[in-house]
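Per-chain numbering from 1; labels A, B, C and D assigned in written order.
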Amino acid sequence: MTPGRSSGAVLLAVDNISLSFGGVKALTGISFDVREQEIRAIIGPNGAGKSSMLNVINGVYHPQQGTITFRGEVRRDMNTHRAAAQGIARTFQNIALFKGMSVLDNILTGRNLKMHATFIEQAIYLGRARREELENRRKVEEVIDFLEIQHIRKTPVGKLPYGLQKRVELARALAAEPILLLLDEPMAGMNIEEKQDMCRFVLDVNEQYGTTIVLIEHDMGVVMDISDRVIVLDYGKKIGDGTPDEVRGSQAVIDAYLGVAN
Amino acid sequence: MFYREAGQFKTSYQADVAIFPIRQDRIAIALIALTAFVVIPLLATPYLFTGILIPFLILSLAAIGLNILTGYAGQLSLGTAAFMAVGAFASYNFMLRVPEMPILLAFIGGGTIAALVGILFGLPSLRIRGFYLAVATLAAQFFILWFLTKVGWVTNYSSSGVITAQPIVILGYTFATPAAKYLLVLSIVGLMALAAKNMARGNVGRSWMAVRDMDVAAEVIGIRLMHAKLLAFAVSSFYCGVAGALFAYVYLGTVEPEAFNLDLSFRILFMVIIGGMGTILGSFLGSAFVTLLPVLLSMTVRYLDSNLNLHIAESAISNLEFMVFGGLIIFFLIVEPHGLARLWQIAKEKLRLWPFPH
Amino acid sequence: MQFFFEVLIGGLLSGVMYSLVALGFVLIYKASGVFNFAQGAMVFFAALTYVGLLEQGMPALLALPATLAVMVVLALGIERVVLRPLVNQPQITLFMATIGLTFFIEGLAQITWGANVRGLDLGLQDEPIQWVTDATGMAVSKFDLVAAGVAAILVTLLALFFNRTRIGRALRAVADDHQAALAVGIPLQQIWAIVWGVAGAIALVAGLLWGARNGVQYALTFVALKALPVLILGGFESIPGAIVGGLIIGASEKLAEVYLGPFVGGGIEGWFPYVLALLFLLIRPEGLFGEKIIRRI
Amino acid sequence: MEAELATFPRLLLEHAHVRGERPATREKDLGIWQTWTWAQVADEVRALACGLAALGFKRGMRLAIIGDNRPRLYWSMTAAQALGGIAVPMYQDAPAAEFVYVLNDAEIVYAIVEDQEQVDKILEAAPQVPSLKHIYYDDPRGLRNYEGVTSIDRLQEIGREFDLAHPDFYNDEVARGRSGDVSIVLYTSGTTGKPKGVCQTHAAFIVSAQGGCGFDKLDSRDSILSYLPMAWVGDHLFSYAQWLVAGFTINCPESGDTVMTDLREIGPTYYFAPPRVFENLLTQVMIRMEDASPIKRGLFRYFTAVARRCGAAILDRKPVSVSDRLLYALGNVLVYAPLRNVLGMSRIRVAYTAGAAIGPDLFRFYRSIGINLKQLYGSTETCAYVCLQPDGGVKFDTVGEAAPGVEIKIAEGGEVLVRGPMLLKEYYKRPDATAESIDSEGFFHTGDAGLIDDSGQLKIIDRAKDVGKMNGGAMFAPNYIENKLKFFPHIKEAVAFGNGRDSVCAFINIDMGSVGNWAERRGIAYSGYTDLGAKPEVYRLIGECVEEVNAELAREGPLSASQIHRFIILHKELDPDDDELTRTRKVRRNFIAEKYGVLIDALYSDRDVQHIETLVKFEDGRSGMVAADLKIEEAKTLPAADAREAA
């Protein structure tokens, strides 16, 4: 990977974040930063708190302690709507598509923040409402084209195989034209070809749109290939942070991964 | 089989997102409109108008309302009739107390009041989901009806609690004949159905469905749950309110709050389930089904009765109706949860692919 | 003050009857995750069957087990025809299915036994108990007291059933986690059948008591609607919740009727429980005894 | 043809002038059919041309064009031609290595390619192609950080600026074009030796296109789906030459794997596909019908039977009984029309197939359900334009009559010679090849053997080099006979012998699939191929096929002598691994003749059983002996019938 990318300005910084459910500590004093245009991976054994970290970043969970700095703004915590409005999009570990809708509609929902027509305008379907519908449809079609899912455009997502659903979910996130893209195990449960495709897409997104990406991934090969810097979590604590090679070398990481299958 | 789609390609998104993208469908819908607006008024009997067509249309509108809330936004409501009642009595009071009030405006006003009440009772939906919410809407059903009976002011202190709807006069023309009333209802329902369809296929509709299918994901992509849910309650209640007003003014004429009891709420819920949740078309199909079934049922029973003289009591017929509806609901939920609309859709697909099965 | 207590006690006693109906809901909900809207219809059905059988000249001692048998059969039928095909469907679907069920049962009941109102005499008069009146000057209905007693007994039995018997424990396991229960080889279908059977029995008791008090008629089904706020208050999974909820609702609605009613034109017990429950919901969505659910994503 | 319309760029300007607002090009992109009017296309082409000129593209230069059918790739052909340049479309699926030869042979300096994939390939080839200087791409996806390649958008920007600076430049350049100029070089994917660049002039293609358009009454209202390789002469005639001559609309599919869907959406009125496409379609139809409900299957079976009986006749406006007409009309409502619709062929007026022999049943099926499918004959050297089948005069075994302006002559050895304005100017930088294929009288030697039947239609029977003579002096065309045999589903491969013999004999490979089924349905047990092939029932079955072929041959005058007298069902399937077939499954006749000499001798002796042992390679690479006693079967032959009664 081009090492230069990790020297960009800091886009997101989390500082000393702690999160717990009832008594259970999910994250303890986590701090790291994400620089513009880089691909940042979060790895760690199951239950290390990776997903919780993402959920904190885009405001699904509210940490008891610590601050989040996004685009220079320091905050106690995020809230989902604000996060979305400020350009954070994400995908989920177990697919969170809208099962009752077509691929096209799913991706269109990704653009809801770009549409401002009131429901009355939409009911009459003239002027702004109509214009927005068509403009955003075009945007969505570009995403569809980008992710090569033209052939399933009008299929209900429920009918799609797992790999494609993952791709559609990515499409929905991309449709929002995010600045920061959070991917929660984008390649989990995929076969080799699907993984390769997904890797290609992640890299293309990063290159084509200059999107900063934070991803959780189990497949070490993938992580080492595509990420600029890697954070290693274990039992809610950060045990490693650096370039793939640095991390690969670190004893703490090796210990954490001893016996862990992937 | 009748479809000839080869060569019907889209050169603009406008054409691609049209409600009826296929030419054959456009032709069909045109024919239906023609029959509804021209043929039927010429042929139908007064009974057909007042006994079947008008209630069918009005209840379709209510069903659309409930469908928006339950089918699209996924918030189950058992209080539909109550919101209809609000619409009816609000319109009545607008007509009663505002001098020179145009009746259409009164209907809209009624709908608006219903919408406000809807928002009020929708508030719990922000904290609770599923049948907890259903119970909350029951509260609306009971409270509102109680309110309408107890507070004399709304019924203009009529001793019996029964109100008599004012005559429908628009631009000096009085809608007295069944045919005239039918056409009025048809136009209103038609327009509102179109509006509903537009919302459903637009950003609003997608937000609703997103909230229905996976609220967390919806939130993460920037949809405001509160806004979406309350809007669903408001729009839904508005539709029910207008339906209620029409129910009172065009169908019943003289109304008491009891006309909008829990049973009516259930009937409309049945229309949505049988017709198909999350489709506008389904609301009409369901309404037609629920309106016609009793008629057919009693006709057949009477027929059997007279021919095989089984001496079936009137009450038996209504109970039979109960059982059939109950059975059908279960049947549909088990066999085709998406209702008649889906069945229609499947049939249509078959026709499009004819002679191939898939 | 004395009057207040009189109302309160009256309320609490009728509250026990609500709990009785609510119990039916809780039982089924615990076992099969179904919110059985048809419970009220079952109450109605039970009472009507019993009365019907009596009218057919069947002696009460025979009619009782007979009705019980009918109820169990009905319950089994429901489990087989409605629940099994809908297993693993969203709860809301099951809920709507039971609404359909309600209509079906009501129709069935009235077609078989006719729709006219019947009286039901259990040999209990709804009259003040003399010695209580003498002692405290308060009028406490004998009927209510007995009804409450019966309800109390039933509840204890259920509690025992749940905690002491094998089936009861299995049932709790099922309630906690279907998959796990299946894994350890608990026959789900069978459990459900039993639960629905028991629910049927409870319906019978409730039906008799309510029927005896208000007459056996369609209105009985509304008792179920009364039970809903009870459940919201108590939480769907908790038997104690059902009882406490019942008492609160019973008492509060009576008090409200007596002390608030006059100012707003009366008849408020129709909705007051709901509004109460609703307000309560906003504060504690999972009910008094229900567990808080953390939704993972 | 009036002089001022003698080149493609001028035709384009003409269309922009007379039908500027009508659609010229469509492409399925971003979910809808993006449409460009003739005026817009003219403008785009102008920008492209000016861009190229601004960057030094000179008259007579050749522009390489590589990619799937994309509007801007078609347009860049015209752009090059407008500057007096020559378009050189190349096969987009070829590997980089193959690019090298063509790029060098055509001395390519400028190349316009479709996307990242093609860019990667051409950059890989570039080091070995010194002349190549400028590369432009259509689809920017993934090409952000590439060095030394420019996007067509940029090219057009430059062009528009240049155009502003030199307003008259474009029109002057177009005016300088002559119809005799070479407009395109098409490289023949030569099976033997290096590919040859076929130089065709504007005139040649324009004349051919006009001929074809007139012949089938094509006009600006027609539309066609452009999905075949741009480097292939057929696509250049249908999607480019006829497009600019008739002024109809070309439609570019979204991608290779959506062609069928796009076909269904567009519903073209004019369609071309090689036989295998039609074959696959039919197989799909049959497979999909398998899962249909019994009623539907019944309908389908009944009405396809009706169609087989009278469909073709009705299409050819021949007399048909009233009852049949009614039945057909009914079938049209219930089956044919819906079927045409789902196949995307409802609106087809003219459909052509060519390039290989098409099975009569296949051919008849499409015609019988009302699709006007016809055959044509031509080659790269003749602008794919020699013979066309006229409406109403369609036969499954001919390729039609001489196209307008084309002269056909059958040479001594039966080779088909053609002469006309559509002939190639020359092979690019290959005077030798040019000389050897065009004789002194200006006739082009097609290399195909054929004969003109009594109705004046040409029948292609074989490659000329394969045609031999029998002792009786009659012409012997093995492929022709073998094809006839292979049209039977039961026969997988056939090898005919007769060159220098008194009679024709044949080896036959049965088709395990269909014969296997056939046997099972009759409860004939068999252990494997060899066993099944030896069954007397199977011999009888194949015998019937052979005799049908004989019956047909008997009616074909000069070929009646080629009837098959004796045949053997081989004990093993001919197999590329044993070098009996080429990788493309063409029989290697001589090799087989050697390897199975014994059998041939037996065929021409009076023995009726022959023992043979053959060495075979198995999948796992091991090899072993297969031994068998093969029966030799006589087949009935008929006296040469008078061809007239047959036709």
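FYI, a contact is a pair of C-beta atoms (placed from the backbone, for glycine too) under 8 Å apart; a residue touches a chain by one contact, two chains touch by 3 or more.
Here the structure is a predicted model, which means the values were calculated and not measured.
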*Check every other chain and keep only those touching both subunit A and subunit C; list them.*
B
_Between A-B and B-D, the pair joined by more C-beta contacts_ = A-B
*Compute the distance, rounded to whole Å, between the mean C-alpha positions of subunit B and subunit D.*
59
*Could you give the separation in Å between the centres of subunit A and subunit B, each centre being the mean of its C-alpha atoms?*
41
*What whole-number Å value describes the gap between the mean CA coordinates of subunit A and subunit D?*
49
*asked:* For subunit C versus subunit D, what separation do you get between their C-alpha means, in angstrom?
replied: 79
_Where in subunit B do residues touch at least two different other chains?_
13, 16, 216
*Going through subunit C residue by residue, note those that touch at least 2 other chains and give them in order.*
297
*So which stretches of subunit D touch two or more other chains?*
31-32
*Residues of subunit A touching subunit B in the complex*: 58, 60, 80-81, 83-85, 89-90, 92, 96-101, 105, 108-110, 112-113, 115, 117, 119, 122-125, 129-130, 132-134, 137-138, 172-173, 176
*Would you tell me which residues of subunit D are touching subunit B in their complex?*
26, 31-35, 264-267, 285, 288-289, 291-293, 296, 299-300, 334-335, 337-347
_Footprint of subunit D on subunit B - complex, ascending_ = 1, 3-13, 15-16, 353-358
_subunit D - residues contacting subunit A, complex_ = 29-32, 141-142, 144-145, 254-255, 257-258, 261
*Taking the complex as given, what residues does subunit A use to touch subunit D?*
137-138, 141-142, 144-146, 150-151, 153, 204, 207-208
